[in-house]
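Take a look at these structures.
After this come two complexes, each holding subunit A, first together with subunit B and then together with subunit C.
This part shows the complex of A and B:
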């Protein structure tokens, strides 16, 4: 990255807000506390490992998705942005990029810590980004898309939260059906790394990129964002 | 008292017009009603008493409807600050505690309306489907006994917590909490699931249907909060949920009062 663009990224990082930057580490911190509680309650090695994996595959992507839709919706001077020659998609992209970077950095550090301490229960460490990156891309893409289509943070976060909760509660049903299995978000922690795992990850990445593409298309008409309802 | 009612009425009328409130909560209720498996309340055996059928519906809606409820209320006080209306409201001849209590009551009443509507629709469907006119009456009773105390509990935290940790962070933690504190088996890890403080209404449902609905009374962490489901434990659960839900409001009201005195 050219050094003259660094201040711009620093500025966008501040515009993204402290809550967005704090959401990924907070999600992993909560996971860590839960794992400590579980371990102190006498749980086995496998159970604690599964819980740590769930934090990476389920809780972190949810946190990033929720923070992303807030970044899109909370711009208080959007009218000013739209009057500038810079494309708004680029501006939002930088803010969401900061969030993705924070999320990825937290995930890598968390994975390294878990692996080094011997609690890692996921795939080969080199394939570990496939645990968190596909669900993060998918959930974030969907949340932002819903936020833009409905122009409501409440609607987007409610629907995505219910979907997340539904996949956790009815994991068996999602895995049992041929057409839902490739899009099941928590295959690593709920099913394991076996046959179909890579297909599932690739399907999530593909559909996640599709959500992102639609978001970029919608951002070609950014004035549609001007009537959002709440933070 | 009249001031409290006035603030509550104002908050209610403002909130009830919010498009996203109705869209989010009715969408969630419709999706879970249509996708319930064969263990859902729609498939309760023919001839089952109305209280059992409608308790099942309240539990089903209780899985997701409070999620929308929490999301809606998460930005109420934050939004007042962001839009600059807090200063305007503080200029009114009403104390901060009354203002907060009115917002709580108005927000609770308006945000609970879609939940009540969902229960009435389910009650209407069951009345026609089973030919039992008691279904509608039990829809209202089940809403009041099972869903409302949990919503009152959520409302207190959803209004106040975002002032401290911000709305987006609250929303993430709230979803995680809802799964952990209501639906996670207590034997899996230390959790509030199956305790008197479980806002999904595990105790009232278990009492009404005569068997454990989820995990009410199942041995686990904080065993003193896990008595066997009975009329008394239901009453204790309802009172506890309402009182604990008021705690954040008491703390926030005290802080706001001090801030106003020192301003």
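This part shows the complex of A and C:
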């Protein structure tokens, strides 16, 4: 990165706001507190390990997705931004990049901590990014896409939260069907690392990238981000 | 930097915001007058590259705004102050200008910071340059807005309703600031406040219902009110039965009405010399119903 671009990244980091900086660590902190409470309640090693894995695979990606749509949807200077020669897609990309970086750093640190403390219940540690990265990409891509199409944070977060909750509540049904199994978000924590796990991860990455591609296409017409009030 | 639009149109769903707008802006300070909803903001946004045109041709400084490349080329030489400039309340004016400067491609840190300091001085914000903008008044926010518009020494400045909501003192100060910028630039001032144009522009266009209904000099627009501007004094307090009342002042001898009407609005009506506001109202009366 050219050095003159560093100040721009610093500003975009501030523009990404507290949501980007606080949501990922907060999600993992909540997980940690839940695990401590569960452990102090007499739960077994496996149960606590599963809970920690759930935090990494389910809670962190949801938090990142919610933060992402907030970043895209809320900009007090959007009209001014659209009048500048710098592409607004690039500006949003930098802000989302900050979020992705914070999310990934938190996930790696959390994984290392859990693994070093002996509570790791996931796959080989080298494959651990596949626990959190695919659902994070998928949920983030879908939430931002819905936010842009519906031009509403509430709509996007509601739909994605409902989908997330639905997959948690009806995990058995999602896993049982051939066509939903590849897109089940919580295979590691709910099914385990076995046959079909890698396929599931790759399917999530593939479809997540598809959502991102559509978002990038929509950002080629950034005026679509103007809300009805702004129009 | 001249602006030429031919048959420019733009729709939002079923609403047509611009109907085949033909406009030629040669340079200097140019006023765009019109009531709220006349289509001014849509036109400003198209000229600033915020919105793509729906149809017709738009050229700014020879660049075709119907293409992405044309819009980017214009944006490199543009300063834009939107009607609702949100700002970022957690930033100081110095940080905000520095950030916008980076987005405008002013990559030389030293030159950018020097320019930021000069602009803060120009808009009289040097003393609060390190204070977060959260508690800034409307006038201070507009001054930050015009300072960011001036970053990079743009050849075209587009300002949309810059004095709306300002107190009289701020409005006068802001008008003077804008007028001083037009020397070697094109400054397009969109407003519904007639006085802003009267005090700063030599040329103006008037929009109504998404159409341009007048283009020409400001004195010619004033002359639209000749023969149609009247003063009437009534003792009953009731306004004259015909014409559009521009102003009403209550005095000891009765209420003094200033009326725009093609015929005398009463037996005691006296013809008056028109102001720009009178000319504007007279033009609006003659403009075809939308």
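One rule holds in what follows: the second predicted complex is superposed on the first by the 227 of 231 C-alpha atoms of A that agree within 3 Å, B and C clash if a C-alpha of one lies under 4 Å from a C-alpha of the other, contacts with A are read in each partner's own complex, and residues count from 1 in each chain.
The rule we apply is simple: contacts are C-beta pairs under 8 Å (C-beta built on N, C-alpha and C of every residue); 3 or more make two chains touch, one makes a residue touch a chain.
Everything numeric here is computed off the predicted structure, so don't read it as measured data.
Within the superposed three-chain model, A:207 lies out of touch with both subunit B and subunit C [touch as defined at top]. Of the two partner chains, subunit B is the only one that A:22 touches; subunit C does not reach it.
In the superposition on chain A, A:173 makes contact with subunit B only, not with subunit C.
When the shared chain is aligned, subunit B comes close enough to touch A:162, but subunit C does not.
In the superposition on chain A, contact is made by A:83 with subunit C only, not with subunit B. Ranking subunit B and subunit C by residues of subunit A touched puts B first.
Using the contact criterion defined above for the overlaid structures, shared-chain residue A:153 touches subunit B, although it does not reach subunit C. In the superposition on chain A, A:91 makes contact with subunit C only, while subunit B stays out of contact range.
Residue overlap on subunit A between its contacts with subunit B in one complex and with subunit C in the other: 76, 230-231. Taken together, the subunit A residues at the contact with subunit B in this complex read 17-20, 22-23, 26-27, 30, 34, 37-38, 41, 43, 47, 51, 59, 62-63, 66-67, 70, 76, 150, 152-155, 157-159, 161-162, 164-166, 168-170, 173, 229-231. On subunit B, the positions that touch subunit A within their shared complex are 18-21, 23-25, 27-28, 31-32, 35, 37, 63-64, 67-68, 71-72, 75, 78-79, 82, 165-169, 171-173, 175-176, 178-180, 183, 188-190, 221. If you check the complex, the residues on subunit C that touch subunit A are 12, 45, 48-52, 72, 75-76, 78, 80, 82, 84-91, 95, 98-100, 102-105, 107-109, 148. Listing the residues of subunit A that touch subunit C in their complex gives 4, 7-8, 11, 14-15, 75-86, 91, 221, 223, 226, 230-231.
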